[in-house]
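Below are two complexes that have chain A in common, paired first with chain B and then with chain C.
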Partner chain A sequence: MSHEKEYAVHRAPIFTPTFFVVLLIVLIGFAIIAYRYWMGVGAVSNLSDGWPWGIWLAYDVAVGSAIACGGYVLAITVYIMNKFKYHPMIRSAVLASMFGYALAGFSVIVDIGRYWNAYGFFVPSRWQPNSVMFEVALCIMAYTLILVIEFLPSVFERLGELDKWPKLAKFSRAVYKALDKVLIFIIALGVTLPTMHQSSLGSLYIVMGYKLNALWQTMFLPLLFLGNAVLMGFSIVAFETVLSARQLKRPFEKEIVSLSRVIPYVVAFWIIVRFISVTVSGAWGEAFSMSWLSLYFWLEIILIAIAGYIIFATEYGKSQSGLFLSAMLLLIGGGMYRFGVYIVGFDPGPEWLAYFPSISEFMITVSLIALEVLGYMVLVKLVPVLPNMSAHGAKTK
Partner chain B sequence: MKTNRRDFLKLAALGAAGAGTAGALTAEAEASSAPAEFGPDVMAKFYDSTKCIGCQSCVVACYNTNFRDRAKYVDEYLPPEEQNFIEKEDLLPKLAPQDEFTPDKPWLNVVTNDYRFRTVIQKYVDENGKPHFIKHNCMHCKKPGCVSACPVSALQKDPVSGIVTYDAGRCVGCRYCQMACPFNIPKFEWSRAVPKIVKCDMCWSTLGKNGVPTETACAKVCPASAVVYGKRSDHLAEAKKRIAENPGKYYNDSVLGETIYGGTDEIYLAAVDYKKLGFPTDKIADYSYAEKSEGLQHTLYKWGIAPIALYTALAIVGYRNNKKHHSDEGEDK
Partner chain C sequence: MKAVTTATAVMGLPLAMAEQVVAAAEKPDNRPPVIWLHFQECTGCSEALLRANHPGIAEVILELINLEYQETLMAGAGHQAEASLENAIKKYAGKYILIVEGSIPKLDNGVCCQIGGKTAMESFKHAAENAAYVINLGACACNGGIVAIEPNPTQAFGAPEFMPEGKPYINLPGCPPNPYNLLSVVLYLLTFGALPELDAQNRPLFAYGRLIHEHCERRPHFDAGRFVREFGSEEHKLGYCLYHMGCKGPETYANCSIIHFNDGAAWPIGTGCPCIGCTEGSVLFKNSLYSLATVAQPTPNANVPTASPEGLGQGATPTQTAFVGAAVGLAVGAGAVYAARLPKEPEDENK
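So, the complex of A and B:
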């Protein structure tokens, strides 16, 4: 089949100076994590009974999993919208998604206090289907597994090429073929599950009622989070494409320009729903009160709107740097929206000191991101993930 | 592609079943989310702020029963992390210099519930310099946010007595209960490597030996009968009687806990605005937010139809596109 030509191993040394710098950050973070397991969550974080959720959930889970929606968005584009010309981009997106979700899962294990009881999610007598968290947890765990399966073809493809172990190679080729046949059903599940849990990441906050500011608290939370996930998924694909073109000195994949044409429509839809939700909550007074929260709210919307405008109306938006800029704006604006719900718009009451993450909390998050980067850097050099430029340029005419 | 129609249907059905499971489970619990009325045997505590003398005996009694001597009351074996190890600084609450006991201020510096104190007495001094006391602890809501939030059923509402209980053996420590509580009641043991959630369970796990208790530590010791324990219906009737007998004595002639957040199993009477006493009554609605959130979930996931339909549609479209793509490629070659 064509797959062998579609992707290529990135031929470059693994142990670069960057590798060791990133590794150092990972090790520092893991030392702090060890301390947290010894001394309790309170010893490393600024979390309190009023602010029990901090950046580990706001960034690593909420924003991190939205950034990891590249695989989700590309799966929709390629297999559901039938745009197979984007197929060469899918493996790198799936790899990034896999690491993004692994990061989310990892920080949840750091965050939860009684991690040894986590097996309870698989004990039917403990299931609590009313809980939004229950659905989010199961869906995210299932989707991480799906992402691993979606990534397996590249591993087996590589193993199939090994001449040193002919038996393993033969076996891998057989598995690759079998996997290829059923993969579309796995992919369909890989689209269903994020649709469910990305929306539920928003639904989580409905039960908090007044504690979430009226600018963010709405029954539209699931829809807004889903739209936000699609937006951020698109932009991370654009972002990664431009970045890998520059960093790995690969030619620019022009597909991304035409792929980005959808973004303005999603932006428009999202902002309309956002405005409807503010109207329904009766929060326009709050929005124009010129408080810090209202400024945050407008900044979030303006960043997203500008990105949509650049792509929709300007020639600059079709260039490499223009696309990079709008992807950045979308990621920041979209990330701000999720932070707005998870931390900024949250207020348990006047008796609690406002939460700001501690240095150790930051470091743990940074080290987990570093781990993700490290894994990505190593894997693209081991298995065929990135688009094979020589074959691929000729094919997509 | 070799996959034939039957294989396709088989696989699609399998996937759909998987996708639908979570949704179906959610829908299954639908009955439990309907706003039920208070049952006849719902137990409650009734606290009359105007009777309270602020001695904090209830705080000490609760601390002794549920924290310091917890192991004494709990018969069966407790895993070590369940027993409260007494750390030196835990024995007595630390007092800041300005909070030390003086004849004018015989006051325990426990400003809010923490993992040692499941109940606290707070003092509020009004414009005329008159002190008012208020007891803060779990409200045992009719439709508790914490129970709705808990993903592993560690927090449960006893269907008969309405007591909201906590099972540390199930808890994963995600703290969604803390986020979901409109009264900010559940507390987490932040400084422990083996932490748990702590909140009032009306002495269910100690004096009640994991059943409905006949008395609670706080009500038992109260010298002024400011806090009493019994059936909610009796308490509510008594509260209304007191309001009727003393018009104007109680704030707004209202009972806190009758309707707030859909009603709670704690009944309060006070002479001043409950807002000033630390209850965000202006922000909390007369219904439980848990009903809203569960209502939405159950609409989206009713019988798991939506996820199954979504999956099936995706699988069919994806399968067709994929097949077409592969055959196109074959023709090219």
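So, the complex of A and C:
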């Protein structure tokens, strides 16, 4: 199959009104980030020594990297399950993953109090390889790099078509061919690394011990986080597919309907493990105590279960609207689970008051999301990322 | 030469400076006169110096310094010794280095410690007034040490309490302090004619600039959470971190973890004994030997913002809740409306 025909640049103006609105949000957020670096982490956030991990870690790292697992699940589907039917979707998923992971890494640098020590991460003599956090950091850093390499072919493909600079074009074509040969090894790594660090994102909270509420604290945390990442990966692919078809006024990619058939099974698996974990922890009493935490626990499970049901059992689940809705429910429910572990179910002890993100803290998170959206919007119009629908329709028959 | 090179390295000076140090140490008449006074102490600091072999004590007193008076080492005794002390103070007035070992009692005008009919307070003041520099050697001379433990029956204090106004002095706390730190300070004074860089407690930064914890050989165990919980346990035999046994390494500034005692042969933590914080006046004998140390976070530089937000956390205020709630609600609502407007017919892939 010829790659040149598989993807196409989306021909549309870059500087739309939406572009400027999103850009404005990004600029506001980065102004706050600059202030944070000048005045310290306490100046813009509600973080304290008892609550050192707030919304930046809970959303940008935990939820953000799960949402960025679209590239991961598609790589598994295409290269491991050998379903090349979905190959045309992989570039846009990789692009979104690349932004998600790069910004997860970036938000860690925003979050750490002593950012001037961050360079130590690149000095092997300063490593502490027994640390869960080290594993997460190394994997996220490595995976971001892998995603960039996975994305590079589309850049070089585009550069190779440029007639203005024949030398650059020739070079790019050569690099493109070379990349094509090694890419399979990169993809293998790209499947391994998220498996490792998505589970470790859960292990981070096993380490927190009794500070995490019994409804969430379990030795199953790594498995639950991995399952949750797969779930959210599939959801975001569906979500993005519907959204980008609509917003960029392109034909709908119908493969997503069959790809989404797998979601209910992941949902069932995840909920079963979740229930087993609550049973093992002996936390059912807590689950029915009708406290705010128990209501939160049920809400997160119900949202995920409803989405699984819509896709599994209804005709509506096969429509664009149904897919979009259930993907959204899964993203909210899955995100709620991660927030539950990272913030809601976390209690550092009676001497610490509470944590709720400050407005500037929240704005930084919003601006990072905006940056992600902005990058996606611009890059699909610059390099061939989205499926080439004209060639594509003929091929899938 | 070799001894001096070692000392140069201890002081953290560039190797090229070794020649300068050697030159200073080898000038025939340039051996610095040293007067060494003992007060309320156990002579452990002197003993530690005697254990040093690079250089050995013979080399030190015959080649590097001109030891005029040292009660443990000198041959003379009684009135003879007293006379020699007086002679030395007169002869080298304003030139000699005074080394003080032991604390000085204040109770009843210092009657608890007298030598040759003079109280320790008198002897010290007399000797210190004429000294070029004073080196307070050991925990007792710096902070009172073991002698000054509550209830401090002799009202003992460290020598800085009695220091003549404006006299340049340096503290070398420890129980005992590492002899190479003393040697390095003496050679530094000799070479540069000035005190090395000092911290807030007048300790030389080259030796007391860093926490034991920072360079401890058991530090990886601390970071990995592998601790000894009981003496003689399997963890203790495996050499795990002694923090939970009361090791004061995390709050003690000293170079023991780099330059060991007995000529580099051993040091407390290396033999499985927790650090007792003997270089810290506020730790040694003030905190229980088995109490947990405060893990000192090195304070960030002044040119970077604070990394530890004050306060105990901040709950939701109405404005924040409204703002975050509105934003999240808006996003969810927009999503729901968006979903409602999308086509609701099932998509057939094969069409």
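Here, the second predicted complex is superposed on the first by the 396 of 397 C-alpha atoms of A that agree within 3 Å, B and C clash if a C-alpha of one lies under 4 Å from a C-alpha of the other, contacts with A are read in each partner's own complex, and residues count from 1 in each chain.
Definition applied: a residue touches a chain if its C-beta (ideal position, glycine included) is under 8 Å from a C-beta of that chain, and two chains touch if they have at least 3 such contacts.
Because the structure is predicted, anything quoted here is derived from the model rather than measured.
Superposition note: with chain A as the common reference, chain B and chain C are in steric clash. Between chain B and chain C, B touches the greater number of residues of chain A.
In the superposition on chain A, A:N82 makes contact with chain B only, while chain C stays out of contact range. In the superposition on chain A, contact of A:F185 is made with chain B only, not with chain C. By the touch criterion defined above, A:S291 reaches neither chain B nor chain C. With both structures placed on the common chain, the touch criterion links A:T18 to neither chain B nor chain C.
Once the two complexes are overlaid on the shared chain, A:V41 sits against chain B and chain C alike. In the superposed pair of complexes, A:P357 makes contact with chain C only, with no contact to chain B. In the superposed model, A:S321 lies in contact with chain C only, and not with chain B.
Of the two partner chains placed around the shared chain by superposition, chain B is the only one that A:M219 touches, whereas chain C remains out of contact.
Residue contacts after overlaying the shared chain place A:R114 against chain B and chain C alike. One listed stretch of chain C collides with chain B once both complexes sit on chain A; from 99-107, 189-197, 225-233 or 315-323, that stretch is 225-233. Taken together, the two complexes place residues 37-43, 47-50, 113-114, 128, 130-131, 351-352 of chain A in contact with chain B and also with chain C. Touching chain C in their complex are the following residues of chain A: 37-43, 45-51, 113-114, 116, 128, 130-131, 242, 246, 252, 254-255, 257-258, 315-316, 318-322, 324-325, 328, 332, 351-359, 362, 366, 396. Chain C contributes residues 220, 223-224, 300-301, 304-317, 319-321, 323-324, 327, 332, 335-336, 338-349, 351 to its touches with chain A in the complex.
Looking at the complex, you find that chain A touches chain B at residues 1-2, 37-43, 47-50, 52-53, 79-80, 82, 84, 108, 111-115, 117-118, 120-121, 123, 125-135, 137-139, 142, 181-182, 184-189, 191-193, 195-196, 199-200, 203-204, 206-211, 219, 222, 348-349, 351-352.
Partner chain A is touched in their complex by these residues of chain B: 1-3, 11-12, 14-15, 18-19, 22-23, 25-29, 32-33, 112-114, 145, 148-154, 168-176, 178-180, 182, 184, 186-196, 278, 280, 283-285, 289-290, 292-294, 296-297, 300-301, 307, 310-311, 314-315, 317-319, 321-322, 324-326, 329.
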